[in-house]
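Only one structure is covered here, and it is reproduced in the block below.
Order of writing sets the chain letters: A, B, C and D. Residues in each chain are counted from 1.
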Amino acid sequence: MAELVVDARPTGPAPDPAPDPAELYRGMRLIRSFEECALGLVKSGEIVGGIHPYIGEEAVAVGVCAVLRPDDLITSTHRGHGHVLAKGSDPRRMLAELCGRATGLNRGRGGSMHAADVSVGILGANAIVGGAAPIAAGAAWAAKRAGADRVVATFFGDGALNQGVLLETMNLAALWALPLVFVCENNGYATTMATASAVAGTAAGRAAAFGLPSVTVDGMDVLAVHAASAAAVAAARDGSGPTFIEALTYRYGPHHTIEQRIRLAYRTQEEIDQWRQRDPLDVHGARIPPGQREQIDAEITELIEAAVEFARSSPDPDPKDALEFLYASGMTGRSGAVDG
Amino acid sequence: MAKLSYAKALNRALADELARDPSVCVLGEDVAAGIAQFTLGLAKQFGPDRVIDTPISEQAFTSLATGAALCGMRPVIEFQIPSLLFLVFEQVANQAHKFSLMTGGQVKVPVTYVVPSSGSREGWAGQHSDHPYSLFAHVGIKTIVPAMPSDAYGLLVSAIRDDDPTVIFAPALAMGIREDVTTELVPIPIGQARVHRAGEDVTVVAVGHLVSAALAVAEELAGEISVEVFDPRTLYPFDWAALAASLDRTGRLVVIDDSNRMCGFGAEVLATAAEEMRLVAPPRRVTRPDGAVLPFALALDRVVQPGRDQLVAAIRAVMK
Amino acid sequence: MAELVVDARPTGPAPDPAPDPAELYRGMRLIRSFEECALGLVKSGEIVGGIHPYIGEEAVAVGVCAVLRPDDLITSTHRGHGHVLAKGSDPRRMLAELCGRATGLNRGRGGSMHAADVSVGILGANAIVGGAAPIAAGAAWAAKRAGADRVVATFFGDGALNQGVLLETMNLAALWALPLVFVCENNGYATTMATASAVAGTAAGRAAAFGLPSVTVDGMDVLAVHAASAAAVAAARDGSGPTFIEALTYRYGPHHTIEQRIRLAYRTQEEIDQWRQRDPLDVHGARIPPGQREQIDAEITELIEAAVEFARSSPDPDPKDALEFLYASGMTGRSGAVDG
Amino acid sequence: MAKLSYAKALNRALADELARDPSVCVLGEDVAAGIAQFTLGLAKQFGPDRVIDTPISEQAFTSLATGAALCGMRPVIEFQIPSLLFLVFEQVANQAHKFSLMTGGQVKVPVTYVVPSSGSREGWAGQHSDHPYSLFAHVGIKTIVPAMPSDAYGLLVSAIRDDDPTVIFAPALAMGIREDVTTELVPIPIGQARVHRAGEDVTVVAVGHLVSAALAVAEELAGEISVEVFDPRTLYPFDWAALAASLDRTGRLVVIDDSNRMCGFGAEVLATAAEEMRLVAPPRRVTRPDGAVLPFALALDRVVQPGRDQLVAAIRAVMK
């Protein structure tokens, strides 16, 4: 079992504070292409249960994770593919996980909503809105106690702003000056509910209530997210405590792939088209030489093809091991059937 | 003779009660859009004052419903995921349930909690695949798991009209079931079991979507073993008299139940039968394993749930 | 069963907006004497399980409840005797409840932490910190829907400011403009924990986060509390929505009577003495003629003696009815013993 | 030969583990002051970094402990009231418990939850008198209810060292129990039962503070009926082998258990015994009633809890 004991020594070099435009673009392109591929595999039935596509929000995951060290940690959400890829998981193993293969990040046990990869600092996607924030706070608390200069970033949506445990966590993080960055991906909706009709006050106001410094950034511009994150992570690392980042973004696709099967009228095509005008890949893509952009696109296409190949050729986990890992101590409970 | 689906039956029961009683309303996430099918079309029919979208604040809106119920309303709450009931366990078990006794009978709390798609939904994995009805039966919440569309209709109606907190689990694997509805839909009393198929040799108590599995197995074994299929419909209060009557005939008991084995519903049925009823052979349970967490990969998800083969094995075991 | 169906017609006259100094003093004196009496009954063992004394905080309950109509509602806390008496419950039945008698408000089923009296609009004390606020919000919501101009006041301590469900409730109340008044009794401590070491930011900041108007008042001066409450209740009644009141107050006694049995050093005698300088009964008592004050004191003394007499002469509930009222529908579960 | 109290045993076990392992810490409300006795004196001895007072944010600090445990710490959490476990049910059952399987074995969550004073505390009434251990056994959390000081010590030590989430209920009615401690205190393996008194006629499985009641009853009936007093110590995992061995001798079973009857711990013991073990007479349970809420008035509070007279009646019933 990959032990995650906090180490006072940083296990990786700090990323160059200056952003690398090409690398940021590559990160977003990887997520976009991965998600488009995953949508296909949902249609074909190779991914069971569907996914919450991250398409449109790529700049947030990439901008934040670009300033994190390999030994820094993140927690993710039900819409977590972007975070997992941006933090450095192998896309092949991530796709294998979505396909429920033994070679997946979670050995096929977690799937889309629970993808975790401790080896690169991903404590896991969480299927409960707001559920990951206190876990991230605990990791930050452990790091601080160990004297490590590790930072933890926790992603959550605007819907989590109304979840009590997130608010309790903001209080604890501020109170104990935890090396934690709250990243609110405000995409305007919680499933079908508009943020405005669910959130009294503002995200920034929530942060202010607990004395948390906050910044609201254009979540469609990876450089804006990168700059805000760099400052927040630096503050957390030097002991100044947590920061709250609200990234204004938008999901181009359905809340979840099942939404494609039901007619929902909670937002207009005009609204979607408007946000598409500011597609994060174009906003930032325009900043790098066209030739280089095409080359990256091509490399990613290959990479995704390889991931599909890897996932498809990977073995399924053995049903007789269905409850392996249930207890870390190795304990096994009784089966549910009549034995023998 | 119309075919009624389970999902539609729940939807119709809610619509009928909304129409009948102005104190009824439904609260939850995305209920206006009706993405869980349960409330589909009702916002349009009854308006946003009766079908209320809530922020993702389960604890607050669950106790808000309790407060409204104290003042004469009859709120229905939809939970999108079974594990959301874990999140509101304090509000249900410690607040709503206890108010009547703690106040010395000054108040009542007629709230209905509905989970339209409980248990495993293929591919939803660990945190979205629970079937925690035994927890609610243990603390004393009236706990209902309908197996058939007509029961889903009739029990939801009774739950909404009941003066106590009531929870209804609609198994995801039952939502698609269709039933020929010959007679008109009527309320079904809480606490009354239904014998779907009479038999002489063994009584199979099956919960929710597993009733269909039990009926299929009974048919399959018909030549060999005469299986009585017993559907409690309400887990708590349980229809003990009906079970005793069935065991007086068969003397043999198997329970198939999609909750965890340890301290689960199946345990209660076996325990009470062993204490008080006629058993000519050791009874058996088919359940989820102890402490089960459903793995994502479909083949793994499936083997953790109780299945037909296991039921057949259990029936053969009690016939030995 | 006393039905609590919301009625669009106010069932009582609105209290005179101008405070009646003598009545305010009487209300505080009643609570003070009641609590002193209860402390004695805890010592003598007539009250089982102890109490959370309200002594020192009387001005809050009295100031708030003085502006409420009989048909207005309140929810209370573990430290709830003051609220219950101020809202108008019969002290005799309240004391009988604390003594577990059949004549008690809850027929002896609730005790100190669950005292409820629907007949005068008390939805109950709640033994779970923060637990009553969403219930109060639900009552306010029901009133608003019924077109009643009923107002609900919910009391809670500073400790509840860190409880998620309270924060979720503040969001809902603001969002839906509920006729609700949040009354935070900030007595500086949650059991042994100083507010400053538990609350990042401030109570007012919590309110602002949700766009709730808030006011911080001297909780030792009943007129200050009365004025703030009158404004908040008027706003709630005319549809302007919820207000958050923070009353700065202090408990002179132990968190709970068991504390008398253990040595705790979380606050100094000096601090207690300082607050005693501003005893709410003296602060306000000085405003009424000494003669009248003495007369009220004497009347209250008699009233309390009568209450003790009433409680002591009241019958105990019959153990065979232990589970009466478990289900409002009249359902009864199985006993835990072997029948017969 | 020193007399050790139950409360002191828990306190000493925690002190010993804090001293032995720097990754151990204890979190909770008022733990520095030690008002629940569990942490008394430890803040002074180990400092505020190891004995941490928390705001009243149970959900957040429960999952905070999970996150810290993922990073190598071994937090112990004190809950002042049993019903606070309802409040954190999602964080325990849906997060801490599921992490290991959901991540495919990448992590472990060694957190220990302790309720020092579970069950009824005279006069604390409805919302402070629960004994919800069956709920945790059902979802699969290792669930421990020590009856004696030496077991309280040894099982808490083992729980803290265990790599999975573990919950320990210390019944309020056991906290004052004193035991002669002749040998040195040692860890007690999780999942191992203890037979306090051997007997031939009937096996009484008693939980927590009820072990003392069972011993008293066994003594009282000694002339007439030979009662074996079986203390599971750990409810989940349960020591089924030891129970089977006991029933091979006695063939008769009575369980006395302070949780609600429906789907409670007693139900599981009876069910498994009925399925797999030797029973020459119908087994019996003595429990709280279905859906029990403890009323405030002392006489009422007491009759709702399982008592000695009921145990005697149950023993006589199985001997019939």
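Please note the rule applied: contacts are C-beta pairs under 8 Å (C-beta built on N, C-alpha and C of every residue); 3 or more make two chains touch, one makes a residue touch a chain.
What you see is a predicted model; the values in this text were computed from it and never measured.
**Q** In the touch network of chains, how many steps separate subunit B from subunit D on the shortest route?
**A** 1
**Q** Based on mean C-alpha positions, I'd like to know which chain lies farthest from subunit D.
**A** Result for the farthest chain: A.
**Q** Just how far, in Å, is the C-alpha centre of subunit C from the one of subunit A?
**A** 45
**Q** Taking each chain's centre as the mean position of its Cα atoms, how many Å separate subunit B from subunit C?
**A** About 39 Å, centre to centre.
**Q** Suppose each chain is reduced to the average of its Cα coordinates; what separation in Å results between subunit A and subunit B?
**A** The separation of the two C-alpha centroids amounts to 35 Å.
**Q** Could you check subunit A for residues that touch two or more other chains and list them?
**A** 106, 108-110, 114, 126, 128, 162-165, 168, 171-172, 175, 197-199, 323, 326-327, 333 - these are the residues of subunit A that touch more than one other chain.
**Q** Provide the list of subunit D residues touching at least two other chains, using ranges where the numbers run on.
**A** 55, 57, 59-60, 83, 87, 90, 94, 101-102, 125-127, 140, 237, 260, 262, 284-285, 290-293, 295-296, in rising order.
**Q** Pick one for the touching-chains graph, please: line, ring, star, complete, other.
**A** complete
**Q** Per the contact definition, I'd like the list of subunit A residues that touch subunit D in the complex.
**A** On the subunit A side, the touching residues are 1-6, 104-110, 114, 116-118, 123-124, 126, 128, 131, 133-143, 145-146, 164-165, 168-169, 171-172, 175, 323-329, 331, 333.
**Q** Can you name the residues of subunit B that touch subunit D in the complex?
**A** 83, 86-87, 89-90, 93-94, 97-98, 101-102, 125-127, 130, 132, 134-135, 137-141, 236-238, 259-260, 262-276, 279, 282-285, 290-293, 295-296
**Q** Going by the contact rule at the top, pick out the subunit B residues touching subunit A in the complex.
**A** Spelled out, the residues of subunit B in touch with subunit A are 29-30, 32-33, 35, 53, 55-57, 59-60, 81, 83, 87, 121-128, 260-262, 284-293, 295-304, 306, 310, 313-314, 317.
**Q** Sort out for me which residues of subunit A touch subunit B in the complex.
**A** Per the touch definition, subunit A meets subunit B at residues 47-50, 97, 100-101, 106, 108-114, 126-130, 159-160, 162-164, 190-193, 197-199, 258-259, 262, 264-266, 316-317, 319-323, 326-327, 333-338.
**Q** Touching residues of subunit D toward subunit A in the complex: what are they?
**A** 49, 54-55, 57, 59-73, 90-91, 94-95, 99-110, 140, 142, 162-164, 191, 237
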